[in-house]
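There's a structure below that I have some questions on.
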Amino acid sequence: METVVIGVIGADVHAVGNRIIEYALKQAGFNVVNLGVMVSQQEFLDAVIETNAKAVIVSSLYGHGELDCRGMGDRFIEAGYGHVLLYIGGNLVIGKTDFSEVEVKFKAMGFHRVFPPNSDINEGIERLKEDLLKS
Amino acid sequence: METVVIGVIGADVHAVGNRIIEYALKQAGFNVVNLGVMVSQQEFLDAVIETNAKAVIVSSLYGHGELDCRGMGDRFIEAGYGHVLLYIGGNLVIGKTDFSEVEVKFKAMGFHRVFPPNSDINEGIERLKEDLLKS
Amino acid sequence: MAKIALEVFLAERAEVLKAWPTGKDVHLEEAIEYQKSIPDSKRFSSVLKKADHERETLIQPRAGVALPQEHLALLKHLQDEGKADLLPTTIDSYTRHNRYVEAQVGIDESIKTGKSLLNGFPAVNHGVALCRSLNDGLKVPLQVRHGTPDARLLAEITLAGGFTSYEGGGISYNIPYGKNYSLEKTIRDWQYVDRLVGYYEEQGIRINREPFGPLTGTLVPPCISHSVAILEALLAAEQGCKCITVGYGQCGNQAQDIAAIRSLKLLTKEYLDRFGYNDVQVTTVFHQWMGGFPQDEAQAYGVIAWGAATAVLAGATKVIVKSPHEAFGVPTAEANANGLKTTKQLTQMLKDQNNVDSPLIQEEMRLIGEETHSILEAVLKLGENDFALSAIRGFEAGLIDVPFAPAQCNANQVLPARDHHGAVRIYEFGYLPFSEELKNVHRDKLDERAQAEGRDVSFQMVIDDIYAVSKGRLVGRPR
Amino acid sequence: MAKIALEVFLAERAEVLKAWPTGKDVHLEEAIEYQKSIPDSKRFSSVLKKADHERETLIQPRAGVALPQEHLALLKHLQDEGKADLLPTTIDSYTRHNRYVEAQVGIDESIKTGKSLLNGFPAVNHGVALCRSLNDGLKVPLQVRHGTPDARLLAEITLAGGFTSYEGGGISYNIPYGKNYSLEKTIRDWQYVDRLVGYYEEQGIRINREPFGPLTGTLVPPCISHSVAILEALLAAEQGCKCITVGYGQCGNQAQDIAAIRSLKLLTKEYLDRFGYNDVQVTTVFHQWMGGFPQDEAQAYGVIAWGAATAVLAGATKVIVKSPHEAFGVPTAEANANGLKTTKQLTQMLKDQNNVDSPLIQEEMRLIGEETHSILEAVLKLGENDFALSAIRGFEAGLIDVPFAPAQCNANQVLPARDHHGAVRIYEFGYLPFSEELKNVHRDKLDERAQAEGRDVSFQMVIDDIYAVSKGRLVGRPR
């Protein structure tokens, strides 16, 4: 059973999607470490170090994702956890925006996969399974 | 009391606006000859000849205005009634269209004033009074 | 008059088919074979039956452009993107007036300019095979929607062309849609259409028939449109039609609208039963607001949604959907699909809560019942229970009188106005056969409003009401 | 605890104002002079009073961007184009968490990049003078809308800045908006805010207070949000607030929603009266659907319109409006105005027909009344009628329990689900102080649905319900 860390980054309190993601990952057979809402970059990293998780699923709904995620990939690399899969999804930026721009922006911050608003979490889990097989 | 001929051109049966236009013109002190719906170009011309009207208010709602109004201005000129004011309003073409295009098209057909969808008839009457003073 | 004798019908047919060259491609036996090949999922009567049973409200747009390929693409978009449950083919205005030569000009010009210059699909000019190509290319049932006083040839071609429902009637497609048509002739021509549908029925093919409910779409009190719908249902049943959808155009006051749809179904069944047509499948259609729309699209969405909500809460079998482009012109495929999507959101969100009732609704139902009975009893008496004669004499006498109708055979004496709560009432009764008590109900309700507004009920009030919805209100209060 | 003593309050004030440099520009006397200069047409309490009297439902958007000029332009657009009756200033999430340094980064970056990188207006960083420039530039009343657990400094600055209404409360801005905040502290901090409003009131300035009704916006049963709203109303009244707007987030079943708004007003008054606060002006606010929205804009318009219609029929004093961009992100000015226009079309079209009632509505009102009484009586008993203590102990004991809340001080035992008609019921009661009879009402209603769907009530059903509206339905049926 692979371990996945999940949480909602920054000062974001949107809790509903987070609870469903936990449920869906468990249904799919993962071991889930749910940090809940209002999670800092460092808390995500600490949890990965502590639990030896293979992937992190970050959610950001409230629009400050762009400010909250800066340097996240580097932080993981510097700590020696560059191999951990970083996924992010939610309403990542402020306002209705062309998603391809958003994807580029967040990939540049070190995320391996970036998902548009209202993405089906089960599809995200399918991608995760594939990526975990590859890595 | 100036006489104005009104009617709805072509195979168009939209009767509601026509009734209101008659009422508004009468309120404004005009003598109104209302040909009702489904009026042909020739019927408009005949009514003008018969009543010595100074202006014609054509309505077209149903979308075939472009086909129905072709040659209308010429018909009036050829009959020696080129001095009669030709106004048109309603939903002149099919579909939501940039009005400036529509205006050019109908002016080319000989209309002196062209009004966009849902125009306030009382504003049309104001223009008519001005134009009648000038002519 | 009873059911038209087969020989009479067939003799007339021969003439009808000659009116335009495409008529010669209609062969009844072959048409019936083709109709038999249409699966239940694409047959109006079956889909309506299922919806009625499951208490679902189906959604249907209006749509029609000049050329077949473009028209098919448009319908596909409405089916796939708009999730329409039922599809229309709206016929252009030239065809509606049997002006096939002008329709041909429109077709040719449309080909030349690359955009549709007709406000609908000229099905007669296109003929049977092209109609079938529509039906073959789609997954949901197809209906002809028009406004044609003499729709005999159109019916021949489109039913042979695989359409499974046909809108209209000798009254509802005359009074709001013409100027000089004789009611006698249009009713007779529509008896032909009904007889044709009856013929298909005899051969095991059920075609849905839908009298056009909203009439002029402008402040028509429910009792007047109900009277017309019921007369046309009787006329259709007489010719052998077994699947009838009666309609009503939203007035805007929800209690009145819900009551209207519910009483429409009850009253139609009552009269059909009374004359022995108890095997007719009766369903209802609710038309989203048919009067002038707001120009602003966001406001238009509000009107569309309100119509959708009322349709479901009323329990209508289907709802005819408007688009956010309504005030401007024939909608683009996208705008049309958007109207459908707004509507579907509401039909789906509300379908589990459609058992609303209230004393207000009950009171409106009682009122509509009494009014409609008053009109129909007087009308049927006048024609000695001959439905065609009753209708003709009823209009002649002004016993039925449709507000704002262009037709000269309509008395044009009745004037409606909204009451203080927005329900449509009558302020000039003309020759409507209402008792004084009944008239006083209307007068009292209008007085309540007049007093609140500090003015008399007048034509200016009616004009204010006509404009109101397009200006963002329901009741046209003075400013 | 009773009303905070003036000296205690003033001593605390001195500390509060030090938290960020802009605090030093707040001077109470001068602020009161400024507030006195605000005309009635721009004062929340006056405009609400008039609407309540005339039974109008006012419309109000959410809106906030990082920079003052842009924010003013946005509000002007919503006022002029969207015809908003009341305007908001939505505060950004950093300010809500008193992270003024990060808010400043957001401001600076927004200036640099030329677009708003904050999800709201950082009023604390901008300070009193810039707040006043908003008020001076607008024609309608302004309210602060946020989600701030410790909103003391924000209140000082914005009330001095001319805002005439302040949303929030020690419970409603803790439970859905935080993770580790102590309820004791947030309630105490909000008593400060209420005391500040009470101070203004003593000086003749009436500030409207609005507990945040929808909480998590996700399947919150009316009795739970009502209990919170009433506790916060009592807390506010205790500190001298005299104008309170209690709120509720649409659940989607119309009978339940109408009953919720009506009972909310009655229950709030009942409890205020019981504790001697019978001079409080109570109004209601209805929030259009607060859960996940459909992505498609046409569908979103449907949801918005349904909320607008329900708000009016329920007789809410105002309705908070969503935009067609809701599922994506903070709306553009245009999208926001569009939501307003759809809403206004319906509030205007329906205002004359808002006297609906039905046995269904009556039954829901009875149910909500009984549930809310059960909760509040138990809670008040636990705190010996000390409202703050009651709330704290009530949450501790799980007597009040908000579904899907992130706060650790929330029991998180209650799970809601929709019944067969879409009304929100409770399937896991946790420690809610309901009698067995009351619980059985819920169980029976949920069983009815479970049976119809051929499955048990389960977390999967809850998830289906959470997604349902965004997928175009109300009840999350299995597919």
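Going by the order they are written in, the chains are A, B, C and D; count residues from 1 in each one.
The rule is short, and it goes like this: a contact is a pair of C-beta atoms (placed from the backbone, for glycine too) under 8 Å apart; a residue touches a chain by one contact, two chains touch by 3 or more.
Model, not experiment: these values are computed from the prediction.
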Graph separation of chain A and chain B (steps between touching chains)
3
Intersection of contact sets, chain A vs chain C, gives D
Chain centres computed over CA atoms; the one at greatest distance from chain C is chain A
Whole-Å gap separating chain A and chain D, where each centre is the average of the chain's CA atoms
30
Separation of the C-alpha centres, chain C versus chain D, in whole Å, is 45
Which integer distance in Å separates the CA centroid of chain B from that of chain D?
54
Based on the touch definition given at the start, go ahead and assign the chain network to line, ring, star, complete or other.
line
On the basis of the stated criterion, which chains touch which? Give every pair.
A-D, B-C, C-D
Chain C - residues contacting chain D, complex
252-255, 294, 296-299, 301-306, 308-309, 337-346, 348-350, 352-353, 355-360, 420-422, 469, 472-475
Residue set of chain A touching chain D in the complex reads 10-13, 15-16, 19-20, 23, 36-38, 62-64, 66-67, 91, 93-97, 117-118
Touching residues on chain D, where the partner in the complex is chain A:
92-94, 96-97, 99, 102, 105-106, 109, 115-119, 147, 176-179, 216, 218, 291-292, 295, 325, 327-332, 335, 404-406, 459, 463, 466, 470
